[in-house]
Structure formats: C-alpha cells, structure tokens
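What follows is a structure written as structure tokens; I'll ask about it next.
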Amino acid sequence: MSLTLKTKIKPTALAIGLAALLPLSASAADADTEARIQQLEQQVRTLLEKLEAQNTALSQQLNQQQQQINEKVVPAKGAVIATTNGRSLSFKSVDDAYSFQVGGRLQADAAFYDADDNNFGDGTAIRRLFLDVRGTFAKDWNYRFQYDFARPGSSDSSARGIRDAWIQYTGFGAKRITVGSFKEPFGLEHLTSGLYTTFNERGVTDLFSPDRHLGVGLSSGGAHWSAAVGVFGERPEGDVASEGDEGWDLTGRFSYAPLAEPGNVVHLGVAGRYHKPEDSTNELSFSSRPESNITGVRLIDTGVVPGVDDFQALGLEAAGIFGPFSVQAEYVATRLNRGGALDDVDLSAWYAYASFFLTGESRAYKADEGIIDRTRVARPVGSGGIGAWEVALRYSNADLSDANIIGGELENLTLGLNWYVLDNLRFSANYIKVLDVDRPGSIYDGQDVDTLALRAQIDF
Amino acid sequence: MSLTLKTKIKPTALAIGLAALLPLSASAADADTEARIQQLEQQVRTLLEKLEAQNTALSQQLNQQQQQINEKVVPAKGAVIATTNGRSLSFKSVDDAYSFQVGGRLQADAAFYDADDNNFGDGTAIRRLFLDVRGTFAKDWNYRFQYDFARPGSSDSSARGIRDAWIQYTGFGAKRITVGSFKEPFGLEHLTSGLYTTFNERGVTDLFSPDRHLGVGLSSGGAHWSAAVGVFGERPEGDVASEGDEGWDLTGRFSYAPLAEPGNVVHLGVAGRYHKPEDSTNELSFSSRPESNITGVRLIDTGVVPGVDDFQALGLEAAGIFGPFSVQAEYVATRLNRGGALDDVDLSAWYAYASFFLTGESRAYKADEGIIDRTRVARPVGSGGIGAWEVALRYSNADLSDANIIGGELENLTLGLNWYVLDNLRFSANYIKVLDVDRPGSIYDGQDVDTLALRAQIDF
Amino acid sequence: MSLTLKTKIKPTALAIGLAALLPLSASAADADTEARIQQLEQQVRTLLEKLEAQNTALSQQLNQQQQQINEKVVPAKGAVIATTNGRSLSFKSVDDAYSFQVGGRLQADAAFYDADDNNFGDGTAIRRLFLDVRGTFAKDWNYRFQYDFARPGSSDSSARGIRDAWIQYTGFGAKRITVGSFKEPFGLEHLTSGLYTTFNERGVTDLFSPDRHLGVGLSSGGAHWSAAVGVFGERPEGDVASEGDEGWDLTGRFSYAPLAEPGNVVHLGVAGRYHKPEDSTNELSFSSRPESNITGVRLIDTGVVPGVDDFQALGLEAAGIFGPFSVQAEYVATRLNRGGALDDVDLSAWYAYASFFLTGESRAYKADEGIIDRTRVARPVGSGGIGAWEVALRYSNADLSDANIIGGELENLTLGLNWYVLDNLRFSANYIKVLDVDRPGSIYDGQDVDTLALRAQIDF
C-alpha cells in the first residue's frame, strides 16, 4: 500500500485568463457598431474558450480529489474502522462481518481486620488484573480470550488464570452455542461481571458457585427472559489428570423479568446443577472467607467431605430495581449424596441486600441474559459532576454444618459505599461485620471480626 | 490533534446571480441595435464578472476540500492503516516501514479413553491458548512475542508459556538472521504450526523434537528449497540455573521441493541435531503418551538415561500433495553417546499418513520454509457452503528400547476427521487405537487403549 | 456502519455542450449586423445556460465529495486515529480525551562465567518479556497494565509477573496521584526503565531497591526538579497472607537538575525509605549476584536477618551529561533497627560509572521525573548510518557485613559496550570482573569471577 500525498492542484490558476478580459467593457461605449460587434464576438469567443478551459481544469481537479477520496479513505481491501466508547477500543470491518476488541480490568485492594484472633493479616492485593480480547468472524462466530494475571501468583494452586476462552455461534438468531471455558449458568451474582457487583465481594452464596469450566452450552433470551444450559468438565486448564476420570457438571438456569425497563426491573430466576466429582476421589469441600479476600482465613470450612457420589444444587434469585433504589437476594440449597453408610449432607446459604444511588442513577439490567449490567454515571467527574454515589447494606448467612460435617454457620452484615467517578472507574469501601460464627471446635467459633475493605477499580 | 469537522461550504450559492440574467434574452429582439449592443456588452461584462466570481468561489471550495482531504485522511505524521483478512487485525504505516499484528489461538479438547487399566482419566483441557504480537520496524527488522497461557498451569514444571520471542533481521534478501526463542529447525511437523497439523497431536516422532530454545539462527529459502541452521541454549525462559553449564544444541535442516505448485507438491527434507546435555547431570529422557494429551499416562518412557555425553538425531521427511489427496512421513533416528562402560543407546520413531479432502481442497505448502501452511476452505459455512471435510489415517511407530534401556515400543493407528468451518475455525475428532505396547515389566505392556479425542479450534 | 464507495461522478460530461458552440465564431464576420447581433444574443443566452448548467453540475459534484469526506473520514461517533512513532502503536480519539497504547519489550541474554568454583552455570535466559497496555480516559485519568512473562517461570517463587498496574489522576496540572502497583520512588537507576540502563544489569545499589508494590503515591515535577512520595504495602500480587499483617513502606524522593538541557545535564537526587517488615516474622535479607543474572550464585548474602523492627534507607544520586560524555553515581546506606539485645545492622552500597558515545549521541534526561530517558540514535542502521556506539566503565561496591551479620563485601568492575541499531533495538556486551569478595566462611570468599554477558533487546 502506498499513500503518497500529492497536492498538485493549484485552483488559483483558473482566475488568470478572465481578469485580462475585464478592461475591454469600460471603453466599448464610444466605438462604432461594427467594431463593437466584432469586439463582442471576440469576447464571446474568448468567454467560450475560457469556460471550456475552466471546465477541463475543474474536471481534472475534481477527478483528482475523487481519486484521493477513494484511495485514501478506503485505502485497502479489508479496511477496518477504529472507534471508542470512551472506555475501550473497537475495530470493525466495513462489511460488519469482522470485529475485534481489546479490554482489561484492574481491582487493587487493601483490607484491615479487627478480630479477637490476630492472624487475619492486614494487607494489600491486586484482586483482579484481566486482559481480554474478543471478536467476531464471518458475522456469526464470536470468540473471547480472558486471562487473570493476578491468579498465577495465588497460593491456592488450583486457581489459575484462564477465565473466558470460548468460541460461540450466533447464526440461529437469539440462540447461542458456546464451546470452551465459560461461566456455568448458575446464580445472578455469579453470572454478573465482578466489575458490576454492588459489594467488593459477591455474597456468601458464591461459595457454591461453579465458576468457569470447559464445556458446551446453549443459551437464549428475549425482552423478558433468559435460558441457558450446559455440560462442563471439571478442569479449566491444561492440567494433566494423573488418575481417574474428570468430574463433570450439568447446569441450567432460567430467568424471567415481568418488568424489564431501564430503572424499573423485577427479576426472578431459578437454576439447578448436578455435579459428579472426579471418580477416583469422590471428594468435595466448601468454605468461605469473611466476604473479604485479602485474608487467607476461612471462617467456615467443611474440610474434605469424603464419599460423595454426586452433588445437587438449587439456586433461587430475585431482584428489583425501582429508580435509584434496588434490592437483590439469592438462596442456594445443596445436597451431597454419599454412598454406603455415610449420611447425605445438606448445605445452604443466602443473602439479601438493598442499595440506593444518592445521585439518582439506576442499576442496569440485561433481560436477555438475566444479569446486572454497567451502571451509567449521570454526571461524571470532569464533566461538571461528582460522579455517582451508592450506599448499600447486605445480610449474608451460610450453613455448612450437617450430619457429621461441622463446617460452621456464618452471619455477616456488610455496609458498602461506592463512588463511580466515571462509568469505568470506581472506588469502594466496605465495612463487614461478622455477626456470628457458630463452628464448635474451631478457633474461629464465636469470633468477632470487623473488616474495612477498600478497592480502586478501572476497566477498559 | 484536532479534527474539527467544518461543513461551511454551500455550493448552491453559485447559482443565484446567473438566474437573474436569463429573462433579458426573451425581450431583446424588438429593441434598437444600439440598445441591443449595449445590452449585449453589459451582459458579456456581467457574464465575465459571474465567471470570475464563480472561479473565486470554486477555487476556495476546492482548496478547502483538498485541505480537508490532506488533513483528515492522513491526519498526522506516522498515520497507520488498519486492515483485516477476516481473521486477524493488521496495522501498517503508510510508508510500509512499520507494521503490527495481534493474534491468538484456542484449542479446547476433550478425550475419552477405553483401556484395560483404568487410570487414563477422561477429561477436558485447554490444549493451547496463545496470544501473540508481531511486527516490523524500519522495514528490515521483525519481532514476535508469543505466549501460551495454557502452559503455566501444566503440572509438568519444565513446560512454560513463552513460545516465540525473537528479533529477526531480513535486510539480506531471502536470508534471515533470528535471535531469541524460536523453534529449532528439525522436523516437518515440528516446524509446521500446531494449528495446521492434520491430526490433533503431532506424530510420534515429535517425542524427539527439540521445540523452542533461546538461540541464534540463519535461514533462507526459494521457490523450491529451504535451509536453516542454528545454535541454541537449553533453557527457554528465565530460570536460574543452580549448577552446571546449560546444555546446548546445533541443529540444521534442508528441504527440497521438486514440485511446489498449489495442489501439486513433492517435499523432501533432512535434518540433523547435535545436543550436549547440561554438564552437571548428563541425563536425558524420552517418553510418549498415546498421541493424546489429556491423559498423563506415558505408554513408553525411557526414564532418566544417565551418563549421556552427547546426543545426535537425524530426521528424514517426505510429503506429497496431489489435489485433495496428500501423504506425509517422517523418520527420526537418534544416538545417545555415553561415557565409560555404558553402552550407547539408539532410539527411533516414524509415522506415515494419508489424508483426503472430501470437499476438494488441497493442503497448502510454503516451499521457502519447507512447511505446511493453512488450508483455505473453498466454500465456508455461512457463504453457502458446508466448509471443508478431511479424512486421514496415520500409522505411528516408536522404539525406545536399546541396550539396557527398556523404554518400550509403541504402535498406534489414528483415524482423523476434520471439519474446517472457516479458514480459521476447525472441529476435529480423532480415534486412536494403540496396536501394541511392548514394554516388559511395565503395567502398560500389552495394554489395549482406544481413545476418542475431540477438539474445537479457532485462531485470529 | 456502511461505507459503500459510490464513484458516480463523471466530470467530463461538463465539456460536451460547450464544444458545439465554438464553430459559430469562425463564420460570423460576413453576416449582416442584425443577424450577427441575433447570433450574439443567442450565444450569450446559450453561454448563460451552459454556465448555469455547469454551476448545477459542479454544485452537485462538490456536495457529493464533501459528503464523502464528512462520512468516510470521520466514519462514526467515537472515531479513533491510529499512529506510530516507528516503534509503538498509539490510538487517540478525535477529541483527545481517550488514548490507548500497546507495547512490549524483550531482552534475550546469554552469559559465560570463568570462576575458580565451577558452579556458576553458563547459559541463556529471557531476562524480560513485557507486554503492556496503557491509556487515558476522560482526559485526566491514566492507567497502565504491564506484565513480565519471563517471571512466572522463575525458580524464585516470590518474583511474580505483575509490574505496573495502576490508575493515575492528572487533573491537578503537574501533580499526579497514582493508585496501584508501581515503583517506589527511590534511586535514579531503579526508577529508570530497564531498557535504558547503560549496563545490562543495574548497579549493586539495586540490591536495596524496593521495586514495585501496591500503594498510593503523589508526584510532581518541573523543568528542573521532581518530587514523589508514596505509601506502599509489601505484597505486589494476589497472594494470600496466611498470617500477620503485611509489611509496608513510606518512601520519598527529590531530584534537582541545575542544568537540564538536551546534552547538558547535571542531576542531583536524594531519597529516603522507611520499611516495616511483616509483623509476624520481622525478617529481612539482602544479597547480590555478580551483576549478572544468568547464574543463581549470590556472591554476597546476609541470609535472614532476624528481629528487625524496622528498616531505613537513604539514597544519594548524582549524574552529569556533557554531550556524548556522561557520569553517574549512587550511594545507598541502610539501617536495620533490631529489638531486644540484637545489634542494629548498617549495610551500604555504591557505584560510579562513566560512559561515552563514540558516535556523538547524548544520554537523554527527563527533568520532571528525575530519570534517564531513551537515547535517540542520530544515524540508525538502514538509514545510512552505523547506529550509536557507546562504551562505559563502572565500579561497584557493596558491604553486607555488620555486627554479627557476615553477608560479605563485593567489588566489581564492569566494561560495557552498547550498539544501538535503532532507537528501540540494542545489542550489548558486558565484561564483569569481580575484583574482590570478602566473605569469611563462604566458598565464595576471595573468589575470582570473570563474566561475559550478552544481550539482544527490542521494545515497542
């Protein structure tokens, strides 16, 4: 490709010949008729020639400009247009069949703990550092690769960095087929991006969330509903299974929104999950930190539950958005079916919260996926506003004790304050009060923990 | 930079004055000669003035448009043009001296094993998740950074994520000098991208492949040949060697293609490698899974071969493409020279396969590098076609037993089916039958293993 | 968006009618006056009509071109312009409020050691493989994400890949507030990019450098000064602290440059750091390799210094650039305050070097940050030049022995040669002579080590 810039055109050249003709009209009145007519004929002839010459020059010039427009503006086959929404960068081919987008997110955290026992560990952490690329091919095929660079450094070796890594076909209209690593369809807050949760950490029901796994899913949705189902393996990444067949999940979810207008939403959802553990171990475990992620302390923890044949989970969701006011609640009940003489184990958790935008914004909702979307700041900082300010209060409750498993019961109260500086820049402070830990035999039994959790978050 | 869009031009203004002159010609016939001549003179004068005025207006307007074209279309020094081939996004400076490209690939796998022994482990895995950037500086300098995000999670700690990471000089015409981490020049399938291999996993000769290492290489090629040689260290990444000098390789390859037209190719190749192990250990080991990567089981395995002074490998390659029909075979013979009273060890492997495109496509070949290239789908899905369909059959044989080393012998038969939906989207199913494992003393001796391996693959 | 390219305009059409009028002027001289006047009137009428028609056609054509310019050049709301400086790719919105840039760097190393003891380990390594993205939102907010892919593979498990990961507010003019992971403000060479250091590895004072941590900082600068202060946690990434509160730092730096013109710089700097170790361990350790990073050998090493209450460091910097000649020196003194009966420990290090560009370039300086910037090559290779050639000599001295801590003393001399092929492509050779190791009781005491360290480096 060679876009040499030729500015050869000199439009002032057109004016030269015409100026020479003007003096003749001033002295014409006194000449005899014959001379005057001859002069007129000569002038008309010259006028014609000039008009002709002007025409030729203009034609050339216009042609040249048109050629420049054609060549330069659409410089090559496959031209791509770059645009931004002020946050992220998008590329689209001129035929709309191809698109590409690069994005990322950063959550930088600090937390301070006040507890009877002093091993909670004040500190700082990068909670998430995502980069992701996504795009479209041949109009109907989407893909997304997303990696969390904050994960490989985790001391929890089972947590790895690959997040979304999928291929999706959308050629059937509203129906989507997805293959690869993606979130299993279970739980309103689990499926909502970690960027858009009201509190720094998801509610305590998240301890049962399946997260992302390699699988195949079918999903669809409309103006008032969403539905999704998928089959998933248990291993998200390139691990080598040394023994036994991998566990697997069958997970499905349906949501219905009788009201689904901006600022006026009622959401109801139900989800179910059947999990078969890795066949050689038949083990599962569940635990939870105090809804804060800096500390490594798990206030409630079943430890390894042996002999699990399979595991079922049922999730119920409800949410409402009424202008600046919003409520949300989830309940998850699970059953671990165990073989032989071992008792089945029933565990459960729920949370409920209310939030209010002091600055009048509303939480956003995507009905066709049944999830919460990005809050749009009405008056961003730097555009004459003070951003959006949101206060919220959450009660959480988890019960990990049943049969001979004494994982413990946990009750939390969280007060949250969010300052959305821009649509994609937010500072949050959460005060988390552990109301009760009922876990006989553990040093955390009856522990009184107060946490101040701070977060700075940006995404693009 | 400031591209304010000024649409000040109102070309219709030109037409106003001229329309006022037209009525005079209708009533001119009855006037006396003098008056008519005067009127004519006046009209010609007016015409001249109008033409002059039009000229001035046009000049301004054309200048303004030219300025807009100049300023906006090439808005700044260093303008870059974005284009796509429908798969990936490319950026090029207008002087062609600079280019940049971002790419990636995803291979999502699942495999199911049927074996006498039950510890093969059905499961799923992300086989490869690459992101890479590459580009050109100052016309003659190329670079490429490529990372496999599926690797850091590998339980094999010696496998890390950095793949290509090199700087290349191309200022000598067809000759290229490369410095950094890149593939050692050995083996047709080893050098062919993992995106373009006919079967999900490379043939069993790949157990001897040197992979990528840090080194310096010189390569060249023409319409019918390629040649490459390089010296490489043993460590691909930022490891700290705790003791002893690193091992190193001297590797070279030459390929010749008497036929090298699209759909009509005969390829012959030979490669040699001299390897010096890390001096403090002098150890090497070779092993192979059943040409499927989900299981961790290595059906044949030399274990650590001690006392290796050096290691030599010879590779022979042949391939033919005849329209939709294709054949390919490789043979690798190695010798481990051992010091003292230890016997030298000779190991070898080979494979041969045939493939056929039911939909008529041909495998593509790059003669100047002596490798297989991307298959172009004649009638992609979504453009009225059913994509490309390919069937293939491979026989593989490896012998890792010699002297007192009993690594075992392996024979596999693989039936492959590939569906290329688009040029860059492919679904594959491989059925792999282990014909024989001859490994006395191992639990895998005589093991009968059948594998169904599935893959979804996309790249951009 | 749909940029269909319509080339409907045929400017040659304008010339058709005018040519038909020309013959009449040739035969007009012999006709009678009346006929000639009538003909003239007719001609003027025709001329008017033609001029009118031309006007209409031109107006249409100009309007059409203007529309094409408007629609195509700024094709959509949020259009983004891509440019390159020949190295990296930048995207900017037309209103300058948004920008995005992707970059990276590769340093490929090899080193050869000649020592009395033979366990230094010749070898190769990718020293750094960075990718980074950075950008601007809403004009006043910057961010940067930077990851070193060469780090996760390090055997030193405390070194992780996240480098810069911050959000910055610049709405207060020269003052910047930064939140996230970034370099603590301490040390001229520590703060200078690893791409621009004169020698392959930073001088020995770097063993005291705090590197990057999660924190909050305030910085500012002018034509002759820079100032920065910050509070930082101790943990750069998503680790889980299992016990005890994280350590933290309070760090500040001021630099003053009485001379700060291109090629004529005098820089003076002072920095201080207060460090509180993790409260449960109260341990610190300091060590140094022989200013070469391939080997794992640490010639001097305090081992774990127990019982440290807190740690203070003072850094002094001086540098001068006088045309092609440059000098630079840093000194760091530290005190480890220890509780109980344990003696306080005073450790220190310093280096001084001179460099000279044989090809006449000058090192570049950024006064408002008090750091060294990229050297611009006057005559790059490929543009008729031989690049820039620089020779340099450094003396380094570290003393890690005090009280009952016998970390050892080290003296190094380094001779460096840099070939800058392009502004962003450099090959370097360092010869490092260990003059003395005084570390009683260690096998490295009195060790005589000569190192040849090679590097190829590119960035974009």
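For clarity, chains are labelled A, B and C in written order, and residue numbers in each chain start from 1.
Heads up, the rule we're going with is that a residue touches a chain if its C-beta (ideal position, glycine included) is under 8 Å from a C-beta of that chain, and two chains touch if they have at least 3 such contacts.
Just so we're clear, the structure is a prediction, and the values are computed from it rather than from any experiment.
Asker: Same or different: at the subunit B/subunit C interface, is the fraction of residue numbers used by both copies above or below half?
Answerer: different
Asker: If I superpose the C-alpha trace of subunit A onto subunit C, what rotation angle comes out, expressed in steps of 5 degrees from 0 to 180?
Answerer: 120
Asker: Taking the mean of the CA coordinates per chain, how far is subunit B from subunit C in Å?
Answerer: From the centre of subunit B to the centre of subunit C is 30 Å.
Asker: Hey, what residues on subunit A touch two or more of the other chains?
Answerer: Correct list: 33, 37, 40, 44, 47, 51, 58, 62, 65, 69, 73, 79, 81-82, 102, 152.
Asker: Quick one: which bits of subunit A touch subunit B in the complex? Just the residue numbers, please.
Answerer: Listed in rising order, the residues of subunit A that touch subunit B are 1-3, 5, 7, 9, 11-12, 14-15, 18-19, 21-22, 25, 28-29, 33, 36-37, 40, 43-44, 47, 50-51, 54, 58, 61-62, 65, 68-69, 72-73, 75-82, 91, 93, 97-98, 100, 102, 133, 135, 137-141, 143, 145, 147, 152, 160-162, 165-167, 171, 179-181, 213-215, 232-246, 280.
Asker: Can you check the complex and tell me which residues of subunit A touch subunit C?
Answerer: Of all residues in subunit A, those touching subunit C are 33-34, 37-38, 40-41, 44-45, 47-49, 51-52, 55-56, 58-60, 62-63, 65-66, 69-70, 73-74, 79, 81-87, 89, 92, 94, 96, 102, 104, 106, 108, 110, 119, 121-127, 129, 131, 149-156, 294-296, 380-383, 421-422, 424-425, 456, 458, 460.
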